[in-house]
Every structure is written in C-alpha cells, then in structure tokens.
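My questions will all concern the structure given below.
Letters are used for the chains, namely A, B, C, D and E, taken in the order the chains are written, and counting of residues starts over at 1 for each.
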Amino acid sequence: MSRRRLKLRRVRRRSPPGAPPGTLIADPQAGPSRVRVVGYGPDRIESADIVRAAQLDDWIGAWPVLWVDVEGLADVDLIQAIARLFQLHDLALEDVINTHQRAKVEDYVDHLFLVTRAIGNGELAATEQVTLFLGRDFVLTFHETGGWNLDRVRERLARSQSVIRRAGPDHLAYAVLDTVVDGYFPLLEALGESIEALEEHAVADDDPQIVGRVHSIKHELLLLRRAVWPQREMLNALIRDRFEYIGEPVRVYLRDCYDHCVQLMDTIETYRDVASGLMELHLASVSNRMNETMKVLTVIATIFIPLSVITGIYGMNFDTGISPWNQPELHWYLGYPFALGLMLAVAVVMLWYFRRKGWIGRPRRPPPAG
Amino acid sequence: MSRRRLKLRRVRRRSPPGAPPGTLIADPQAGPSRVRVVGYGPDRIESADIVRAAQLDDWIGAWPVLWVDVEGLADVDLIQAIARLFQLHDLALEDVINTHQRAKVEDYVDHLFLVTRAIGNGELAATEQVTLFLGRDFVLTFHETGGWNLDRVRERLARSQSVIRRAGPDHLAYAVLDTVVDGYFPLLEALGESIEALEEHAVADDDPQIVGRVHSIKHELLLLRRAVWPQREMLNALIRDRFEYIGEPVRVYLRDCYDHCVQLMDTIETYRDVASGLMELHLASVSNRMNETMKVLTVIATIFIPLSVITGIYGMNFDTGISPWNQPELHWYLGYPFALGLMLAVAVVMLWYFRRKGWIGRPRRPPPAG
Amino acid sequence: MSRRRLKLRRVRRRSPPGAPPGTLIADPQAGPSRVRVVGYGPDRIESADIVRAAQLDDWIGAWPVLWVDVEGLADVDLIQAIARLFQLHDLALEDVINTHQRAKVEDYVDHLFLVTRAIGNGELAATEQVTLFLGRDFVLTFHETGGWNLDRVRERLARSQSVIRRAGPDHLAYAVLDTVVDGYFPLLEALGESIEALEEHAVADDDPQIVGRVHSIKHELLLLRRAVWPQREMLNALIRDRFEYIGEPVRVYLRDCYDHCVQLMDTIETYRDVASGLMELHLASVSNRMNETMKVLTVIATIFIPLSVITGIYGMNFDTGISPWNQPELHWYLGYPFALGLMLAVAVVMLWYFRRKGWIGRPRRPPPAG
Amino acid sequence: MSRRRLKLRRVRRRSPPGAPPGTLIADPQAGPSRVRVVGYGPDRIESADIVRAAQLDDWIGAWPVLWVDVEGLADVDLIQAIARLFQLHDLALEDVINTHQRAKVEDYVDHLFLVTRAIGNGELAATEQVTLFLGRDFVLTFHETGGWNLDRVRERLARSQSVIRRAGPDHLAYAVLDTVVDGYFPLLEALGESIEALEEHAVADDDPQIVGRVHSIKHELLLLRRAVWPQREMLNALIRDRFEYIGEPVRVYLRDCYDHCVQLMDTIETYRDVASGLMELHLASVSNRMNETMKVLTVIATIFIPLSVITGIYGMNFDTGISPWNQPELHWYLGYPFALGLMLAVAVVMLWYFRRKGWIGRPRRPPPAG
Amino acid sequence: MSRRRLKLRRVRRRSPPGAPPGTLIADPQAGPSRVRVVGYGPDRIESADIVRAAQLDDWIGAWPVLWVDVEGLADVDLIQAIARLFQLHDLALEDVINTHQRAKVEDYVDHLFLVTRAIGNGELAATEQVTLFLGRDFVLTFHETGGWNLDRVRERLARSQSVIRRAGPDHLAYAVLDTVVDGYFPLLEALGESIEALEEHAVADDDPQIVGRVHSIKHELLLLRRAVWPQREMLNALIRDRFEYIGEPVRVYLRDCYDHCVQLMDTIETYRDVASGLMELHLASVSNRMNETMKVLTVIATIFIPLSVITGIYGMNFDTGISPWNQPELHWYLGYPFALGLMLAVAVVMLWYFRRKGWIGRPRRPPPAG
C-alpha cells in the first residue's frame, strides 16, 4: 500500500538530465488517447470525437468557444499536432506529457496555461494531472485517464439555458477548475470519518494496528496538502494578477473556487493536528495501561518472593538434635500454623504498604470535569 | 463526544461535485425560518415578523436603515425571494445556505458580504454561521438557530438615545460583529478555568483520564483557533480596505472589535502552549512516579532472591555422614542462628549498597527555589 | 501559584456580550484612585494631588506640558470626568478601565493612545496595565496600583537642568515607556539565574521537583513573551509611522527603547530554548540513570535465579536407595564443595558474560571532549 | 560515512581571518585544471583545449558566443589569467576558487556571476560547486572535477539544427543550469526508493539498523535541502530581476528550470516528513512489540513465583509427630495430587485473571479500516 | 561551564530602571583602556598611542582617514571626551559602554553607528562587543579586550600598495566587519568536528556523557545563532539602505561579507538539525540496546523460574509411605534422570518458543541498504 502511495507523484523526469527542453517522450503507462471536441455558443452546440488533428481545421474559429478535451496521453504525436494547431509553447507541452507537475499558472503570449491535480475515482492514489490551455476562443484540457472526467461539465453545456453556455471560454475554464477542487471534498470527508472512528479506539484499545492507521492517515493528509497547496496558490494568482483572458465576472466565481481551496487547506491542517494529537493520546494511553499492568505483575512477584524465602527457611535441614538453637520452631506445637500465619502477615503488610503508597488500586480523587 | 466535536464543521458541500455554482439545497437539519424586520431612524423605529418576501415591499426604501434578520435556514425559497429583492449574488447566497464557510468579507458591486462564525449556547459544539449583507440603507443577517441571537442588539435599537439609532447601517453591522466576537470570551474563560483546575492535578495525580482531558482541551482550542483566525483576518480587511459602505467613524469601532479578536487569538495560543506544557509535565510526572515504584519493587525482589538461594543451600540433602565436607554447617551448634544472621547481613549489605548508590531513599540536595 | 499566574491576564471583558461599546464598569478589585498633576516647563514646575476633575481647570493650557497621573482605577466617575476634559474617545477610555488589553498604539484625531504592560514589584504575577494619552501639551497616564509607579520620572522632572524639562510632552511619554520596558530586565535576570542554578542540578540530580521548576520557568517565559511581544510591535509602530505628536528628536530615543524590547524578546527566546533543552537533558539523564539502576538490579536477580534452581536440585527428595541414578552426587565425598563450586562457577561465568556483553560495568572508551 | 557526509560543505575559508579579500589560495585537494574552449554561432562551431590564457586572445570577440569551460581548480594562475582577460571581479574569482559557497547570483557591471551546486557521480557526497560568468558574448564555467561535466551540452551544441546554436550566451547559461538541476532528480528518486524499501521494514522489523538508516536518509535530505534551497532563490532572482544579459525568451526557459527546483524542494520536504513519520512509526512499533514481549515474560514469571512458594511450603521440615497441626497434609492419602492440583488451580486462575484483564492474548475488537 | 556560557550576554542594563538615558557607568569588569590612533592616506601613514583626548586635536582633519581604536572600556571619562570631540550621540555612547547589545546599525546625522559581536580567543565564551562609528573622514572602533584585536587590519594598512590604503573610511569599516565575521569560522569548524566525532560514538556507545556533550553543542550553536543572526540583518541593512557614508564600491565588498554571514547561519542551522538528529539517534540506540539487554535478562529469569518450581516439587516432603499417590516418582528407578531431563526439556521448549517468537537471537532479514 505504501508503495502505491509514494509512487503517486514520482519525481522522475522522462527525458535524461542534460537533454534539450521540450523533448516529448510518452509515459509508458499512459492511457490511450481520446479526443472530444465541443463547439458552442449561446444558441447552438455541437460535439464530436476526432482521431486526427486535421479534423480540427473545420472547428477552429467557427465557434464562439471551442473546447478540445484530450483524455489519455499515450498518443504523443496527436497531442503534438493539436499543440501546433493552437501554437502552444514547447515547454508547456512537455509539462502536459510529464504528469508530475505541481499546480501552477503560466502566462504565454497568446494563451494561459494551467496545471492542476484532480482526485480520480475517489482515491488519493489516483491523483491525476489535469492541464488546461485558455485562449481567446478556445479551451484545451488534457487529463490522464477516464477515471476522472468532465462529464458533468458537458451535461451543463448541454442545457441551453445554463450560464456557462452564454459565457466565454474563461467560464468553461472556471467550471473545469471547480470540478477539480470539488473532487477533493468526498475524499477529505472520508478521512475525517476515519479519524473519528479511530478516535473512539485510541484511548480504549491497544491494537498495534492503530499506530499504523494513524500514520497512514497522516501520510495521506501530507500528500493531500502537497496537492492542494499549490492549487490554492494558483487560484490566488488567477484572481490577483489581471490575466488578459479572464474577465471580471469570472473572477468572482474563481474567488469562490479559491475559498473552497482555502477551506480544504484549513480542514487538512486541522485534521493533521487532530491526527497528531490522536497519535500522542493513543501512545500515552497504551503506555499508561502497559505501565499499570507491569506494576501489578511486579507487585505480585514482589509479594511472593519474600514468602518463598520464608518457606526456604523452614525447609533448611539443620541437625536439630545437636542444639536447641537449630530451628526449634520446627518442633513447636503450632509451628506450621504460625509459619503460614507469618507468611500471610508478611503478604498482608506488603499489600497494605503498597496500597498506601498508591502502587496498587489507589482510590483516586476525581479530576475536574474539563 | 469527539464525534460531536469533529462534526462541528463538516467539509461537505451540499451540491455534488461538478454541479453549477449557485445551486441551493437546504441542509436537512436546518432549523425553521423566522424573518424579523426592523426599520429605524433617529426618530422612530418599527419591527415586525414576516412570512412572505412580498411583505418587504413596503419596507424597502422607507427607512434610513432596514434590518432583515433571518433565523433558521430551512425555507430556501423564502430566502431566495428575499435575496432577489435585494439583488444578492448567487454565490453569496450559496454561502449563506451552506453553513460550513470560513469567515470572510467579499465586496460585491452594491453590497458587502460578510461571513462569521458565532458561539451559540456557550458551547463550542454549537458554532453557528452568521452571514451579513451590508448595503447603502439595509443590513441582512442570516443565522442558523435561535441558540445564538441578536436580542441584545434589538434592545439597544429600542433605546431612542443610543448611538446606534443615530448611525447608519454600518454601525448596525459593527454591532452584530461585536456581538459575535464577544460571544467567544465566556467559552475561552471556561477553558482557562479547566486548564487551571487540571494544572493542580497534573503533577500529583496519576489518573489516566487527565491525558484525555488535556487532549480534549487542546482539541477545543484547535477548533476555536480555526474559527477565530479567519475572523481576525476578516476584521483586518474591513479596517484596511476602504469599503464604500463603511464610514470612517465606524472604522474606529471595528478596530476595537479587531483588538478583541487579536486578544482572543493571543489567549488561545497561550492556552495551547500551556496545555502542551501541562501534558508534558503530567507525562513526565507519571513516568517519574512509575519509575520510582518499579525501582523500589525491583529492589525488594533483588534483595530477597539471594536470600532464597541461601535457604536453598541449607535445604540441600547431602549425605552428611559420608564426608566431613558435606554441609558440616548443618551440625554446627549455632548453625541456624548463623544462617539467619548471614541472611540478615546479606540483606543489610545490599540495602546499604543500594542506598549508597542512590537507588532507594537517597537524601537529596534540595534544588534551587526557581 | 499556577492559579495566580494564569489569572494574570484574564480574558473577561467587564461588560456582557452585546452591550454597547464604551460601557464603563469598574473592576471590583481595582485600587483606590489617586490623581497627581504636574505642570512644568523649562523654568518652573508645580505639582499637586487633586480629588475632583474641576480642579484641573486651572491647570489646562497654563503649562507647556501638563501631566496627569492616575493611580488606581476604582473611581470611574472621576476618570470619566477627566476624560471629558481632555476629550478622550469612549473606546479608549473603556480600554483604560478594562485592564486586560495587549500593548498597542491608536491614533485618535487629537491625541495618541498607548497601552502597555509593566512589571510591578519585580514579580511577573503583578503585571499592570499602563495606559497613556499624548496630546499637544498634555500627557495622561493611568496605572493600576502604586506597586508600579513613576516616581523616578518625577525625580528627573524635579531636576531643572534635566533634558526632560526642556523637552515637550513626547519626551515625557518616552520616559514613561522607557521606565516600563526597563522594569522587565531585573525579572528576566532573575529567571536567567534560576535557569543557571537548575542547569547544575539537571544532569546530576533526580529530584522530581526539577521538572516542575523548569515547567514553571517556561510558563513564566511564555507569559513574559506574550507581554513583551506586542510592546515591541507598538514601539515599532511609534517609530515607523509618523505620528503628529512625536517629534524627530524623541524618535531617536524611542528607537533605543525599541532596541531594548528587541533585546528582551531575544533573551526570552534564548531562555525558552535553553529551558527546553534543559528539560530534555534532565529527562534523558534521569531515564539513563534509571535504566542503569534497573539493569544492575536485573543482573543481580538473573544471576541468583539459576543458583536457586541448583540448590533446588540438591534439595530434591529422591529415594537414593532405590537406584544408583537417583542423585548419587548427594553421596559424593566432596559433593557439597562441588555444589558450592558449581554455583560459584555459574555465577562467575554469567558475570563474565554479562560484562563482555557490556551489560555491567563495561570500561568505556572516553567520548570526544566536545 | 558520516565523516564523508559532513565534510561535504566545510565552512573553512582558505584565507586566514583578517586577510584582505580576493586572496586566492588553491584548495590542496583541487583536481588538475583542464580548459576547453568552444566558439559557436548558428553556422559554425569550433572547439579546442588550451593550456595558457594567451591562447584565448584569438577566440575573444571572434565568435557570437564564446564558452570557456574550466574543469578542476588547481591551476590558480591560469584561472587568474583567464579572469583578467574577461575582467572578472576579484571577489567573484575568490568564490570560484573557494568551493564552499551557497548558490547565488551577483550582478557585476559587465557580467553576471552565478554560483550553483551540482551532484557529481550520482552521489550526494560528491556535491560540486559550479560557477558561471555570463557576459555579452561569452560564458565561463568553472567546476571542480570531471565527475560532473557538461558533455551533454556540448553534444547539443554539436547539432547544427539545435535551438541552442541559434541562441545567445544566455541560452547556454540556461542549459548549464538546467543540467545542474536535472542532476538532482536521480538522486532524489534513489532516496525515495530507499524510503519505500524501509517503509516495509519499519513496522514488522526490529533491526536496530533501521533507526540508523532513517537517520542517514534524513541527513542526506537535510543536505539536499540545503543545496537546493538557495538554487531556487537564485533562479527566482534570475527570473524576477531584469538582468541585462538575459533575454526575454530565455526567461521562459528559466521559469521551467525554476519549476523543477520548486518540485525538488517540494519532494524533499515531503520525503523529510515521510521519513520523520517513518521513524516515529518504527519506534512506536518496536516499543510496542518490546512491551508485549516483556509483558508475556513477566506474566510467566508472575505465575510461577507463587507456585514456587507452594512447593516451598510442602518442603518445610516441620516435626509432624509433635503436633497434628504441623503439616498434616503431608500425610494425606491424596496429599500430593491435591498439591499438584492446587498449583494447577492457582496457575489457571491467574491465567484467567490476566486474560480477563487483557494482559495476555486478549481477543481485540478490530479497529476501523482507516 | 554552563555558568560561563550563560553569563555570556547578560541582560542587565548598568543604569537602574527609570534613570535618564545616556547615563554612563563603567562595567566593573571592563579591561583597562588603550587608545591607538592611525592616520593614513594613499601616500603616508602615522600611528600613535594616546592617553588624553586632547592629544587627538592635532590628528582630526589632518588625514584623509583617521582611525581611533579603543581597546578596553574601563576609562569612561576618556571615552566620553573622545565622543565629545567627534560629536557622538549620547545613546550611541551608552551602547558602547553597555556591552550587551545586539548587532545593529543606526544612522545619526553626521555618522553611522554599528554594533557587532566578535569571537575573541577562538572561544564562544569570550564573545566581545565591537562598536564602530563611521564618519566622513574618520572611523572609531571600541572593543572590550585585547583578546580580539584588529592587528591584521593594521598590518594591511601598513602595506602601502594595499587596496585599503587608497580607499576611504568606508573600506576600513568593511575591513573591521570582515574581520569580525571571519572570526566565527574557526569556531564553527571546531563545532563541526565535535559533531563528527560524536556521531561515531552516538550509535555504538552508551556513555551517559554523550547526551551532555550534544546538549552543550546545541547550546553553543544556539548562542552562535543568536550572535550571528542580527549581524546578518545589520549587513543586509548596510547593503540595502543607501547610507551616505558608504560608497558604491564598498557595497560590493559588504555583499561578500553578507554572503559569509548567510553561510554562517546556514551552517549553524544545519549543525543544529544534525545535532538534534544525533540526540534522537543516540537516545534511540541507547534505548534499543537497553531493551535488548533487559529482554535477554528477563528471558533468562523466565526460563529458570519454572525450573525452580520443578525442583520445589521434587523437594516436597510428602509421606510417601501412606499412599501410592504421594510422589511415587521419588521412588522411580530413573526418577532423578527423568527430573533433570524434564527440566532440560522445559528449558529447551521455552527457548525454542521464545526464539520462534523472536524474543531472542532471531535471525533477521537484512533491511535495505539505504
């Protein structure tokens, strides 16, 4: 499991060190490419799947907003051909293919380039890179698999009376970003439920797996934080810097999206603190219980060892005939009951002493209700 | 208990990921709505409960200041109707309904939108979201239940000679924010008293519940911090940025309110540090006492085990008739007293040695008075 | 003691939540008020105690600098009357009475309002709030008790050739602030001496009180830090912002005062780090010594338990007449010396083994001199 | 090993304290110098090795871009002669020779001076300092050994159609920086694999070496962080400040290089957190297992010690003829089976009690799946 | 030792709280004053020791650069007389005498005032305050003892062809600062060597002194950090702010000096992290070894205690004549060998079980090579 988690965002660059920038090598594990084109305006909408870049020629410039959505990044040639049509920068294209980027925004002369990371399939393990180019009349989106997709956005586009249909490409870009950010909430909620469930066990239970569970949750929160933090920065930059292709009305929507990111970060940080406190609480509880156990066990042993010495004394083999000093108690009429009584007395005194010292079963003053 | 605490501010958004923004779905647990309208000016004041938005038509524009206070957010339709009357932005309205927002201020063209969180019923578990719209001649407030309410503000409005009656809607907004911030002080004071009470137990007491209590206080401080921090930022923004609807005189009052928030944060941070130190102190004390106990118990066992060997030696069954070397001491005249004396001597020497080593009851040099 | 410390700066606001700002309610524990007036200029100086605000009428405007020093805040009516004479803002006055403010500076139209905290009687427990109003030709100071007072400033004023007599009210304000800041140094030095004294005990001593002492010092440093930090900010604001009532020459002096605050903070932070390191060092030392003790005790027990088994074997009651296999060693001529020798041999071998393993008294390589 | 790691970046300055700046003393361990010159333009390229600075006279000014690459810093005289030809500042030259600098950029009047650190041979232990001077028509690079080299850049220069051939010296400088930054990725990936591999062992394994391994990885990450952090700052400065010798097109490439640095830092920080969590998890697991072991062992001892006392009682040597009270059980018909049964019963009751208390083999409720 | 370290920078101000600023009281431990004057220009240089301030009259204004170096601060009157000649500000002079200042720069109208701290005698314990006044044609330096001195600067001045002779007073000031900063490197290197030496012992050695050594190194790093940090800020201010008396060429040199400070801080921080890791590693190692030891000892005891019970059973004194059930095994032909065999079997089974459980000598899987 850990293996899967850590592989999440490998640091490997596909091209070897020293290679010229812009070298495109497909990830051998990249999914097959599927390209979906949507052209729309307030009045009409049309969509199609294409397999060659040339098919786009009829679409470009023919629609108020043209959206090309590439799912699966295996077909590097096709992607490169599309890039040439829209005059995308080589370095941006390299970032599209190399799916280990942090979220960022870059302003090229004739388009804006956004990188984000989305949660696919509701599992953190399936973080996907989603990249987006926003131009005057087009939006290009690239994502790794169909596990995370934009079907809901397409549904909203299909409704002719929706806000998005009457707005420009910047609103479509916002819709994509909003879908990305919203995707984190179910995962975070699941983590919150796990923490709650663990919290009930942390104090009462010794199960050694609890430590591993809390560790694993902290690990996932760490990765989530690492994914969300740069998205927050990116959205902040989108709002703060006056990018040419983002209109004033959309900026209000982006601020809403930014607020969600802030809330995500806020919750992640709180959960991390709670998880740390939980670990601390659990370890203290376990250690406390362990100490109590050891103390009681040691008390038992400590009481019986002197008794053992007493029995040993009575078991000595002195020649009692030689001297009246040699173990006369063996010949007492009540010697045996006395010996047993002595042992009982020693045990009781020790128990009483240990109890008075508070080493066993001390009645406690109740602490305040807190 | 923990369940309640963590649920405090769930991260769930009501609308599914990818849904268009501005979709309003009432929280199934939202309380029933009650709308109270107050119109006032320096000379006169009038108030009423309304059930339909249309009833507001007569009020709007007819008063220097119009205050609509909505308690309980179940009636989404009514809220939406009111929103339309005052031309509130869809995204702001979504934040009103979705009661898991962080405190923030947003500047819409014709009104200012504030989100804050208040303490209801003096318990942290009942944090409520309070939202406020401030326009040229109106204030709208929305809060979740009647557990937290604005009755004191209404009382102040009722007094014709009060400052608030002669001031504009910005002063009313300040009065609401001040009520929100002041509500935190009793809770914080209660936490401070809990910490003090625990501090007396932390050193002297082994009660395993203390760890849980301190943990629980730290948890509440964490949530408090998370609630107060953005409010401080929000108030800072209100003072710093020159918003159109906030006049210069009110800014002085807001600065006072901001100071209270700073003081809250300051106290929370101090309490967190104190609670952490308390945990550390308690664990060190418990561990110290445990170690002392174990040491004494082990010393007892360690003294008696060699004695046990001595009795064992005297209990051997050698054929003393065969050889003068075989346990002649069993036939000594004072063999038994000698044996007991030997055991006593061994015990005394060990005790003396352990004491000299400082393993038991060492007389200490008193440390400095600190 | 802890109770006293924590009460130091309660968070309670005197007025109930929702009350209008500016409501003045005297602290029930406030000391009786004493008002001392000093009027001075380069040439002459006059001073008097007053009991009614009206007595100030003759003083106002009659002196280059008029200083009204109010000690003890019980007489709210008198304070309010004075405030009205100097046209102080209601909110500022509320902060004067409510003695739980953080240090701050506020710029009202016709006076500057400063809040600071001073150390009274050389004990942290007696932190007092000192507030100061600086106007064109007057300085008002308010402090809680006579435990902290401004007698030294009065002495300097009394000397006709002193710098302060020839300067304006801003220099007097500086003198007050300087007295406040300088008052922290003796306390900090005392804490430094406590830390040094504890450092000698931390390694060599097991006294369980050491943990409490270090904790208590850390607590006091925490409170000191909390008191000094905002004062540094306040002084920084005084230097940085160009306030109307503070002249350029006094700014140089304030910078010196600011430097002292920075030095205070710097020393507090260093002491906190040292105290934390001390705690860590002490706990490691105690744990180390405890472990050594337990190891030696366990070694002793471990050596004697096998010996006990050997004596047990020789103490078996087999019928040696039945078979030559049954404990023939009991009939050996040197059986008993052999048995004792065997036990000695076992003990020696175990000791040798434990020593070789380094579990007892291993001769150590000396570590580097560090 | 640790020795090698720490020596990595000694703080020693070659010249004694108080010596005038700009004193050049070769590091006694510096490798022999090799100087390679490359002159190129879009159309032609020429390269040669030189041994005297005078040989450069023909090259300077004769090429669009002149690149002098000095490998090995032993020949201080030659380096000084080259520096004089290009009018490099004395302080910059001192930094070239003294190979313990942090990455930085400095703007001299007629050239830009960059210091970076590269990973040689894929091992952190071989961090090398790479310095670069960028002028109007030249680039000078200095690095410590051939372990890290610029052969890949030379290969790209050799290809006449490459971007770098048609660009100016700023693009060459970028190519060098990009090679430096890319060199960190394989090392980081190796560390990531080590962490993954350790993660599998951390919970299940007690090997005391694991602590050392994690410590060692944290140490390397610390050094990596220390090397990468200033490079990020340096690249940021290169992008942000408008340096004369860096054209707008290259700035886009530098931003890409900066992104890689950010990604490096991001990964390093994540790995550090993961490694810390791993250490914590491992220590908790080891301590947990140790505690379980000690508990079981102590339980065994605690059960047998009372049995030992029972056998001791039956082994007492009372004179049973004197009194019917003296150990009549020794004469019972079923005395021995009863004794054994008693011991068994005691053992069973204790086992049952310990089990009920959860001290051994308690069946656990499974914790939530996390 | 700790006493010496902590006294390093006492916080005491010489003058009592409330005293007017600028009161000069010599430190009772201040060394005797020695005043050395050097006047120089590109062509000539002259130097002398003076004992009265009046002797300076002939020097002032007669040289391009006049340098007065005061070593030892006991003679407050002389220092005050010199201060009057150069019109130094009272507050600055107070800082000169009171040798517990943080490094800082202050801009007075006709001179710049710098405070730094130097390492005297290569020991941290001898940190000295060095203050410097830089005017249009003079430099005044004050330092505490001759343990730290400026002889090397004087040597450079003596060489007629040196850069410093041809430059202004700002270059002399730089030379002093550079000497101060360079003085830290040998100390830091010594600390680095101590850490390396300790690192070898941290894992393999149990010496309880190691904890103290690491603590002591951390303490020294803490004090170093506290001394260097403000110097870095001061140098940064010197470079950033355009002070009148510092020319552009010297700014380049100061940047170099600032870089050294940054490198110092960087190394200090790294060493602190390494020392913390070392402490953690050492404690984990010691605890690990201790646990292993305790486990083996406990295993030995746990194996022998049941054997002890067996021997006890065979040592019971049942009347075997009364019943065939009473210890018939005592009369078996091979009873004794059987008993020994039983004990051996029990021991072997327990050993096997403990081994299988991994409680002793478990063969480990080797962890990855890290």
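Definition applied: a residue touches a chain if its C-beta (ideal position, glycine included) is under 8 Å from a C-beta of that chain, and two chains touch if they have at least 3 such contacts.
What you are looking at is a predicted structure, and each value in this text was computed from that prediction instead of being measured.
Counted as hops between touching chains, the shortest connection from chain B to chain D is 2.
The rotation relating chain B to chain C, fitted on Cα atoms, amounts to 70°, rounded to the nearest 5. At the interface between chain C and chain E, under half of the residue numbers appear on both sides, which makes the contact a different-residue one. If you average the CA atoms of chain A and of chain B, the two centres end up 24 Å from each other.
Once the centre of each chain is set as its mean CA position, chain A and chain C turn out to be 39 Å apart. Contact of a single residue of chain B with at least two other chains is seen at positions 294, 298, 301, 305, 308, 312, 315-317, 327.
Here the chains link up into one ring; start at chain D, go to chain E, and the full order comes out as D, E, C, B, A. On chain A, the positions that touch chain D within their shared complex are 2-3, 6, 9-13, 16-21, 89, 91, 94-95, 100-102, 104, 106, 108, 194, 197-198, 201, 205-213, 215-219, 222-223, 226, 230, 279, 283, 286, 290, 293-294, 297-298, 300-301, 304-305, 307-308, 310-312, 314-317, 320, 327, 330-337, 339-340, 343. Chain E makes touch with chain D in their complex at residues 150-153, 156, 162-164, 175, 178-179, 182-183, 185-186, 188-189, 192, 195-196, 199-200, 203, 252-253, 255-256, 259-260, 262-264, 266-267, 270, 273-274, 277, 280-281, 284-285, 288-289, 291-292, 294-295, 298-299, 301-302, 305-306, 308-309, 311-313, 315-319, 322-323, 325-327, 357-359, 362, 364-370.
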